[in-house]
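What follows is a group of structures, each given as structure tokens.
In the two complexes below, chain A is the common chain; its partner is chain B in one and chain C in the other.
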Partner chain A sequence: MTAHPRSLAQPPVTVEVLPPAARFSLRLRAEARPVAETALALPLPDRIGRRSVGATRQAICLGPDEWWIDAPAAEADAIRSALDGLVPHALVEITDREITFQIDGPGALDLLAIGIARDLSRLEVGRGARTVFDGVQAVLVREAEHRFTLSVWRSFAPHVGELLEQGAREIALGL
Partner chain B sequence: MLLIHCPYCDDTLPEPEFAYAGEAHIARPADPMALSDEEWKNFLFIRSNPRGTHYERWRHIHGCGRFFNAIRDTVSDKFVMTYRAGEPRPNLDALKEAAE
Partner chain C sequence: MTQAFRIPGAGRVNHAKAVRFTFDGKIIEGREGDTVASALLANGVHLLGRSFKYHRPRGIVSAGSEEPNALVGTSRGPGRFEPNTRATMQEVWDGLTVESQNKWPSLAFDVGAINDRLYMLFSAGFYYKTFMWPRSFWDKVYEPFIRRAAGLGKSPTEPDPDHYTSRNLHCDVLVVGGGPAGLAAALAAGRSGAQTVLVDEHAELGGTLLSEPGVRIDGQGAWGWLETTLAELRALPNVRLMSRTTAIGYYHQNMVGLCQKLTDHLATPPEGAPRERLWRVRAGQVVLAQGAIEKPLVFDGNDRPGVMLAGAAQTFFQRFGVKVGTRAVVVTSHDSAWHTAFDLAQAGVKVAAIVDIRPQVSAELTARAKALGIEVLASHTVTSTTGRLRVASVHVNRVRNGHVDPWRSIDCDALLMCGGWTPSLHLFSHTKGSLAWDAQAGAFLPDRKTEECHIAGAGRGLWGIAAALEDGARAGAAAAKALGRAAGVGSFAVEGDRTGDGVVVKELPTDRDPGKAKAFIDFQNDVTAKDIRLAVREGMRSIEHVKRYTTNGMATDQGKLSNINGLMVAADALGKPAPEVGLTTFRPPYTPTTFGALAGLRRGRHFEVTRKTPIDAWAEAQGAVFEPVSLWRRAWYFPKAGEDMHAAVARECRAVRTSVGLFDASTLGKIEVMGPDAATFLERMYTNPWAKLQPGRCRYGLLLGEDGFIRDDGVIGRLAVDKFHVTTTTGGAARVLNMMEDYLQTEWPDLNVWLTSTTEQWAVVAVQGPNARKVLEPLVEGLDLSDAAFPHMAVAECTVAGFPARLFRVSFTGELGFEVNVPARHGRALWEAIWAAGQAHGITPYGTETMHVLRAEKGFILVGQDTDGTVTPGDAGLDWAIGKQKPDFVGKRSLQRPDIVAKGRKQLVGLLTEDPSVVLEEGAQIVADPNQPLPMTMIGHVTSSYWSEALGRSIAMALIEGGRDRQGETLHIPMPGRTLRAKVTGTAFVDPEGQRLKV
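So, the complex of A and B:
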């Protein structure tokens, strides 16, 4: 029996679920940003879609007054209390809200195009955005040229995961 | 598919990320109790519904979440421009003159 040559090669795109890490949603006004940056030891980007990466934490700007902060689970307690009493803000832990998929491989752009209407080739590496994947609100980050992370709310994850798996199989088969 | 420029994200993005939110520049009366039923009805329900240039609100709901205003031609569906919420209504004639 001869093996199909495609099955031996690395598949053009792979989909995996990333292990959970602490994630927070932070809302505050522009004038409170410098204080929050010092307290969190993390620069908060001031333009939508930009991301800043600290030693262990990273922040992405999703709206004029909205940031997501990702950190290792061990730092969750420190972040939870970092801004107490300093500036008016809303800091909500959303670690358990989303499932994050990692889409990796040269076929990543083709795979994401099945659900996202944006022109993703224009999204620069290291930036991200909130967008819609097949009708589901999702946060997309371009980690590298061919590597993306896609976070969707937990209840949508089975649908999105299945669609990504199916798309990845189709791309692997050259359909 | 329409492509809409979000003035907050400063990017031109596909329509599924946006939600339409009715006519723009309609201020709620400061003292509703002073209005007659007729005036209140007009504020609540009566809209200009023009054939041509329309000032309207959109919300970038699956993005930055902000409301903004847009000028769109209701015949051709072409967007003339979008601008941030709270900014005064742009003068269309002045815009046209500037473009020429």
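So, the complex of A and C:
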């Protein structure tokens, strides 16, 4: 696998690496949330696993004081300074830390089941979770009934990508 | 061959489709749907192998996964050889290669069979008694002998070319076993809407129904009902049916492991298809419908080919359309074998006699037998069989009031035995559920449960298809109800059900010397009844000891046939009832499972994650040699043509000291510590002071544990008042972040500071050497790189080679140095830009070995190499890194402990060997006086040792008791064959004043 493979497999499930956009890890206390929401023009969900989607940005809550903000690369500079001086917080760009796979197709749940132990059929569309794929920390988001994104740290991506590729081939065989 | 024993039109095999495979080189023709066993039997082949210990001829005993005898080698092509395949489970396909095992020179004439004549020598405990003396024989003679003899079949010698896969699965109800009970359970659970999974180890679902086509259920024949039922289950979207799938283990909280065979039955598997898939199932409720396993009877010669379980003969006939012989005798203690006799008689097999141990058998059965012309011998026993490679006759004796009359011989080519049925409780046993002895059934039945499971059908001692269906439906409905679903218990109208019962027996009574009877209990391990009795005579009281002394039940079949018979004999020998003697514990896996299935996807380069940096591919293209550092692989050195490691490292070192070198430092752990309390947090975590560190400056940070010992170190840059860029060692990255989070969340939750791992956000290129600035300057925008504007230990954000960068002026080499951090996706491009810019200066990529040498020349420690978890800052000579004014930091209090401040602690010092060409061995022990008597007092050990190209001699660091007070002393390093001498020095070998940084 190369660092940025495109279509790794054909239906019933396809795996591709999404092009990098801007991604930030935002940490702050609950009382600072309203100020941050206004400054970022984006609601910050208060329940772990919930996501909010704005016009161009989206936020997913991954911990009691932790959100990921995804946005187009062009908005990275604006986000970087959006909270300066407003509330105590940490806003750290992690765009390059992450490689995000998109897993799409009716076989998506089966494919993810090769590496993820939890019952993903119970993960509602539009929600996400920090989980583990074959021992690798990952953040999984269910974008649609049969479409997921799976983000892992960059150096783990070849391992995860190769397993997904192998799994997708296996599922295509229908055995 | 002609399939002379095939009954045209009978069974479920496809008579229109011939399949050819080889057995010991001979072409055998079977039918699609055959197993190796059924195809061989169709051709009259009963002799399949030689037994493990005595090399006795052995044939097919069963028709299922419990088979102890018919273990064969199978080959599915080059490298795809498997020993001990159960011939009763392996399906045939065109081109399959099968060979018999444990024979030489041939299956029919085997030299090892001499063991059978010497059987008196090989009694229970033989190994323990024989291989004790002399002790010196153990390594060279006994152990190799035992190892050679210790396994049946040949281990494959080639790497397995197949691949294996695994998957997680969640369901509401998992039903194990696809017989009538399992099918009924799956129907009940499936109809309730529960997510239901039904698994069975055989190629076809149906279990007993496949062998009992005469039974009618709900107005249909059993096979028709099966088809209807499977169609209904398949149509339910919430039901998943899996055949060729064995539930191998039942673990905590209803996790069940399944091994699904995907391709072993296919002549041409799809390209790239995995061979097996391991499923990790988490089930809300489990229904165990594993059925029962028929028990052999124990009598002399019960292992001869042609002697098999009656139920197996039934299955070979009904399911595969194969007669197991032309003239059969049945010996039984249970009604079920009578029905087998009737079925065979109607198929044209001459059933010479039914020998029943019981004095009384139902009049209905005896009448039926007589009508079919079968001689009935109630209250009879079998005392021997004859025949060399196949049973030829059986000796039957009448038993009167415990007395055994003289034998008479009955000719036969098949002897079908049935000692009753043992409920299969293996998986239940895995859960540590307790068993209770049921005297009436003469069997252990499930008692107290530890998991959310239900046991249904013959697995809990019920008998008959109607009972199994009803009980399965009850269990399936109970499982669904436990999940809060409404479930009905279906009812089944069953006609022609052949119920019955039997008695439990130990060895059959005999008129011969029981001490000479070869009455086998464990066919696979060659354990006889007299072995069990001998074990008891020799003092074994517990069934666990009897088992280990005799190896009964310790073969790969885990005693599926032998455990209960072994127990009955042991109980009799001990004069105790069976439940008092107890049963041994079954353990996973239920049947032998390939290592491939257990390893799954974790094989080859996926055995463990190998992390690579963005620059790794460049290094690989340059021919770098790599070394593993935690999960990472890092370029170790970059040999040029003809260079060995020493030459390459020497060249790389020279380049850095004289011009400029390039190093991939991307693996360094990085943590962004951000928030108004960031400085306060670092003040508390690290030994060093941070409050007064100005933004734009860096400082070396030392991290201790609560015990005061060094845990990690690294350079920390202050990017803003509230933002620090912390670096850690490569291997310590995750550990340090966890430790910091631990303190932050549990000790100081009030601090407004947050930690984010940025290890992989940044690619890091170190440019080191006197020409470093010259190389980098033209690439840098927005920053004056001069020493005045950007001195040693400065940090700034700028642009390097067009990429946004965090630029550090730091040095782990002692030379002028910079570390450029850019977003990881640009790492390779940055590296190549610096590489191109450095060509004028002969820029040289260097690896971790050179990095280690250069830092050792400066006396910089490597945490984990020069420290071992017992080294304080004082021991390492790092007292200067402790903020003396700080009220507290992690580990501060421990630094005052009496044994920490005591004299004589091991301290890190330099060592220079007397012979400058000798490079000490890392880890070598050091003594003060080489002439002292053994064992010598060791005062320390070498921690780092290298050839220093800069000094033209070797250098070393060592942890030595009171080391800093020994400056100038000569110490001794005893090595094999010689004792080396070395002088204690300081640790900074090159440029101790640090002048080379001031440029």
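Operating definition for what follows: the second predicted complex is superposed on the first by the 165 of 175 C-alpha atoms of A that agree within 3 Å, B and C clash if a C-alpha of one lies under 4 Å from a C-alpha of the other, contacts with A are read in each partner's own complex, and residues count from 1 in each chain.
Please note the rule applied: a residue touches a chain if its C-beta (ideal position, glycine included) is under 8 Å from a C-beta of that chain, and two chains touch if they have at least 3 such contacts.
Predicted model only: the values in this text are computed from it and were never measured.
By the touch criterion defined above, A:A76 lies against neither chain B nor chain C after alignment on the C-alpha atoms of chain A. When both complexes are overlaid on chain A, the residue A:V132 reaches chain B alone and has no touch with chain C.
Touch counts on chain A: comparing chain C and chain B, the chain ahead is C. In the overlay built on the shared chain, the residue A:L62 is in contact with chain B alone; chain C does not reach it. Shared-chain residue A:A117: touches chain B and chain C both.
Legend: residue contacts after superposition of the two complexes on their common chain; A:Q166 is shown touching chain C, with no touch to chain B. Counting contacts as defined above, chain A residues 117-118, 135 meet chain B in one complex and chain C in the other.
Chain C makes touch with chain A in their complex at residues 163, 165-170, 262-263, 270, 272-274, 277, 280, 282, 601-602, 605-606, 609-614, 632, 672, 674-676, 752-762, 823-825.
Residue ranges of chain B in contact with chain A, taken from their complex: 1, 8-11, 13-17, 62-66.
Within the complex formed with chain C, the residues of chain A that make contact are 3, 20, 25, 27-29, 65, 88-98, 110, 113-114, 116-119, 121, 134-136, 153-156, 158-159, 162-163, 166-167, 169-170, 173, 175. Residues 47-49, 62-64, 66, 117-118, 129-132, 135, 137 of chain A touch chain B in their complex.
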